[in-house]
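Shared chain: chain A. Partners: chain B in the first complex, chain C in the second.
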Partner chain A sequence: MTQLKEKLLSSFIAFEDQKDIDSYVHGIRTKAIKTFEKEGFPTKKLENWKYTSLKKTLNYDYKLFPSETKALEFKDIKKYLIDDVESYKIIFVDGKYSSHLSETTHDGMDICILSSALNQSKYDLLIENYFDKISKKDGITSLNTAFSSEGSFIHIPKNVQVDKPIQVIYFSTGKNESVFYQPRNLIIVGENSQVEIIERHQSLSENSVLVNSVSEIYCNVRSVVKHYKVQNDKINASLIDNTFVSQERNSDYSLHTFSLGGELTRNNLSIAQNGERIESTINGITIIGENQHVDHNTLIHHKKPNCNSYQDYKGIFGGNSVGVFNGQVMVEKEAQKTNAFQSNNNVLISDKATINTKPQLEIFADDVKCSHGCTVGQLDQNALFYLRSRGIPEKEATALLMYGFANKVLGSVGIPQVKNRINDIIAKKLGVKIGFDI
Partner chain B sequence: MLEIKNLHAKVEEKDILNGINLEIKPGEVHAIMGPNGSGKSTLASVITGKEEYEMTDGQILFENENLEDVSPEERAHKGIFMSFQYPIEIPGVTTTNFIKTAINETRKAQGEKEMSAKDMLQKLREKCDLLDIDQKFLSRSINDGFSGGEKKRNEIFQMAMLEPKLAILDETDSGLDIDALKIVANGVNKLKSKDNAVLVITHYQRLLDHIVPDFVHVLFDGKIVKSGGKELAFELEEKGYDWIKEEIKS
Partner chain C sequence: MSKYTEDDLKKELETKEYEYGFYTDIESDTLPVGLNEEIIIAISKKKEEPEWMTEWRLDAFKKWKEMSEPEWANVKYEKPDLQKISYYSAPSNKPKYNSLDEVDPELLETFKKLGISVDEQKKLAGVAVDVVIDSVSVATSFKDTLKEKGIIFCSMNEAIKEHPELVKKYIGTVIPKTDNYYAALNSAVFSDGSFCYIPKGVKCPMELSTYFRINEAGTGQFERTLVVADKGSYVSYLEGCSAPSRDENQLHAAVVELIALDDAEIKYSTVQNWFPGDSDGNGGVFNFVTKRGLCENNAKISWTQVETGSAVTWKYPSCVLKGKNSVGEFYSIAVTNNFQQADTGTKMIHLGENTKSTIISKGISAGKSQNSYRGLVQISPRAKNARNFSQCDSLLIGNECGAHTFPYIETKNKSAQIEHEATTSKIGEDQIFYCNQRGIDTEKAIALIVNGFSKEVLNKLPMEFAVEAQKLLEISLEGSVG
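Presenting the complex of A and B:
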């Protein structure tokens, strides 16, 4: 851990040397590396990291910049795309933008990459207004900020309904090395605009990969943003996903997080409601086994009156897997008539799996409706017998029950192709060939 | 078809069945009646292979094959079906999805191809009509939020779709009003043939007005203490179970 920290600190100088030191972002990066130097990586001593240790994850000998990048063809990545729907694509391979795999646009909106936004003066104002404005200034986020140079840049001006979903996918190929990536997304959705984003990190490498991703998402007045995170990485890949959402009045942000793969996944999700009549919906399905670890750390900050938030996270844990749900809902005194709903339901299918669930409601307003509930249970044996007595073998019956458990969350997925893909991944993961849908 | 010989079974260290003998032939309808706690539902569960029930002695043969160590799904594949006394609610899994999976898994086990979507749809429609079921109910989660009557009707619908050789109806009449009872009984009667058999388990005689048994057996303390024709059911309805208890004592 200390070794990696030292390596990062010394690499920063070389990294920043290549950049324009007069730029606005240079100042931010320099400040950020100082924060990282001071804070370091989070440890279990921090209340928010009590159940998730990065010790093992940080112990690999990571390269901070891959020494070579492998050229990928469309056929190599096809199966990781939702390819049966028209979409914009922003594809990165080993931290570098891959133009031939991507499909971007500057026609009436910018669906492109952060490096080009940072390097062109016409975007200066946007960068100054939005870059690193809502991200947390903790160690892990600051580390990303210090090294932030590439990622997706999505800028939708006002009154635009983006005609097709945007897929943002980061591939890593690291042939003979472990790599630590710091991708950075900046997403600005203008007044009364609508967009759908599908995000994925995918390792194609046999070596360890660690991704520390930061996304800043701005939902302006009356905008609608539908966001999907597909977390189904290889077993030797870990992800720390830091997502910060800022919502203005009457906006509607929804996120589905599908945590089905990877070694360690930590989602730090923070949503700030800055106006009235805002809707925030966050849903999650986690299905893991073996020694996998998934931690959802969410914060919904209700600052203004008449807003709603819904959280529904469901988890199924097998093997020696560990799940963590830490859901914080904060309702400020001004935020009267808030309606905040939180639910976290878990099924343990192995004696050795663990779930730590901790709802945290901090309510300072008096006229609110807030509810939360968390459950931890086993699969219903009577239901299992019922299905088996109809001729459905035990494995398929178990899969069907698990699917049924997670299905409520899947039901709210707006893009049918995404839903189908997740269904397929779940079926494959459960080792069954039954169709879940009709 | 079904031969039960000297069946003893216990659940959680408690002996429930104490030596049951029963033979059911194709085309027959048998009824098992008895007071609460006599072991009726246990018998149904043991035949379908519920694992909490431990067979301690005796045999169950289905088409001359010993069912010991045969899993519930394999028993279903062989053609045994039970309509549950308390059907289970399974949120998130639609009835269609469930039935489709059940039929195709059974076909797979029998070495047959999956049923085509067209045939499946046609069959679903046909059986919905038979049981006067609105097709909309097929896209609802299994039994989720169903009334008692709807649940029982769903059981018989599943039976109609799966076309078992032996159908065990465990207290199918409980929770049904008279109209629903008629629909359910009518459905069962229409599904009856010379090749299949029905075992009706009931506390009351009223279902037997509609599904007429060839044989009636009285279960008491885990044993069949009396067998007879359908008239035995009327006798029980009229006199209750006490006279049987008296008879055993004396």
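Presenting the complex of A and C:
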């Protein structure tokens, strides 16, 4: 851990040397590396990291910048895309933007990459107003900020309904080395605009990959943002995903997180409601086994009156896997008439799996309706018997029940193709060949 | 009739004095302030304790010095200066009482004011009471009746002298000396407390009760309670507390250990009514208590608590469900008003097979208070078919208070079934309107609604306490309209 930290600190100087040191972002980066130097990597001693240790993940000898990158063809990546739907694509290979695989636009909106936004003066104002404004200043986020140079940049102006979903995919091919990436996304959605975003991190490498991603998402007045995170990486890949959302009045943000793969996945999600009548929905499905570890750390901060938030996280844990859910709902004194709902349901299917869950409510306003529910249990034996008595083999019956358990979350997915893809992954994960498109 | 407004109610509530805030002028024997090894040896000497006990205390003190005060709880307060407290204060010339007639009349007056008039209870309720003032036990009633059954119910000090084998065997087994900062401090300096032993197969014929009171200024109360229920026995134990109103903060750091051997059942009820500080948030008792019970096979421990007092409460009565089929229960009502802060809850540690636990927690916050529920349900890999049900409901009265829930659930066994649910709401205007319509005034309506909200827990209290608790709830809350 300390070794890696030293390495990161020393490579920052070399990294920053290649960049324009007069730029606005330079100041932010320099400040961020200082914060990281002070805070370091989070340890289990921190309440928010009580159940997740990065010790093993940080022990690899990571390269910060891959020494060689493999050129990828469309056929190599086709199966990781949701290819049966028209979409904009922003595709990165080993931290570098791959223009021949991508499909971006500047026509009436900017769906492009952060490096070009940072380097072109016409974007200066946007960068100064939005970049690194809502991200938390903790060790892990600051590390990303310090090295932030590439990622997606999505800017939708007023009154635009984006015609097709945007897919943002990060591939890593690291041939003979382990790589540690710091992608950075900046998403600004203007008044009355609507957009759908699908985000994925995928390793194609045999070596360990660690991604520390930060996304800042601004939902302006009456905007609608639908966000999907597909986390189905290889078993040697780990992901720390930090997403910060800032919502203005009457906006609607929804996020679906599908955590189905990877060695260690940590989702830090923080939503701030800065206006009245805001809707926030965050849903998740986690299905893991073996030695996988998934940790959802969510915060919904109700600051203004008449807002709603809805959280539903379902988890199925097998093998030696560990699941963590740490959901926090905070209601400020001013946020009267808040309606907050939080639910976390878990099924353990193996004797060695562990689930740690901590749904928290912190409420300072009296006229609110806040509730949370949390369960840990197993599949209903009677239901299983019912299915088997009708000739459905045990494996399929179990799979059907598990699918049924998670289905409620899938119901709210807006893009049918995404839903189908998740169905396929779940079927594969459960080892059955049945279509769940009931 | 002029309308009884929210402001009227608030005013009335603020001016409502703490009824138990009197100070009794009893001559007392107080040790100088400060904490060091000499003081501990002096306490031990004053109590005429055997050498092993002195050693035990010193060992705890040594470990305590290396520990630091916990800061994770969701409460804010000025840390008490532990060197400015006197660790021993006892009514002086303590005689040995055999009957109430011999008790200092001044002291009896105190009991009368407390409303727990000992002789009255003796006659009517049939409750055996052990009264602890400034952490020294001054009166134990019904001793002889209990003796016939083989039940030992006496002060801790007496138990150390007369039943050293029992004390030595069980003390510190559920809550080790090093468990936490305040438990270690208590282990080093505890001055007295109650000890109770129920022999095999005996069902205790009456409720056993301890009443705690901090009387002297500048003292801390550090009492220690140990209840051992031998195989197949049953006991119901009550605990009540109060303190005089003072501007300064007083510290109460108690340790309660319950041990339920095979097939035994312990029911432990507390009505905590320490001085909560005045309406400006001055003074009041810091209540930092460690309570834990151990259940062997088929045993059952049930905690019931009504928390209305204390400026700062920090208390988690817990159950270690070690034996097969053991059962742990926790029923709690925590009421905070004015500037009170409570961080309370429970821990249910499931170790054995088929263990069950139930948690029902009702938090009511009014004024500028903060009320937190913090609970842990832990299922170990060996705990097959463990079952837990938790419910935490919070009621907010007024818009300056806060209610918080921090449940931790850690499961390592697939056969476990755990349910947790929590809600936060206020008293609905429609509910009050409904009552008003039927001729029930607002104040009564609130009392009714709060009582209904807390019913599940109130029902678990023994009769005598339920009445007192209901009254306390009304007093603490009357006048706060949602």
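Here is the rule we go by: the second predicted complex is superposed on the first by the 437 of 438 C-alpha atoms of A that agree within 3 Å, B and C clash if a C-alpha of one lies under 4 Å from a C-alpha of the other, contacts with A are read in each partner's own complex, and residues count from 1 in each chain.
Here is the rule we use: contacts are C-beta pairs under 8 Å (C-beta built on N, C-alpha and C of every residue); 3 or more make two chains touch, one makes a residue touch a chain.
Only a predicted model underlies this, so the values are computations on that prediction, with no experimental measurement involved.
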Which of the two, chain B or chain C, is in touch with more residues of chain A? C
Please work out whether A:178 is in contact with chain B alone, chain C alone, both, or neither, and reply first, second, both or neither. neither
Looking at A:374, would you say it contacts chain B, chain C, both, or neither? Reply first, second, both or neither. second
Under the stated touch criterion, which partner chain does A:361 make contact with: chain B (first), chain C (second), both, or neither? second
Report for A:394: first if it touches chain B alone, second if chain C alone, otherwise both or neither. first
Let me check the overlay on chain A: which residues of chain A are in contact with chain B and also with chain C? none
Complex contacts: residues of chain B adjacent to chain A: 48-51, 71-73, 75-77, 81-82, 84, 87-88, 90-94, 96-98, 100-106, 109, 139, 141, 158, 162
Mind pulling up the chain A residues that touch chain C in the complex? 47, 333, 336, 346, 348-378
Quick one: which bits of chain A touch chain B in the complex? Just the residue numbers, please. 380, 382-383, 385-394, 396-397, 400-401, 403-408, 434-438
Any idea which chain C residues touch chain A in the complex? 72, 379, 381, 394, 396-426, 482
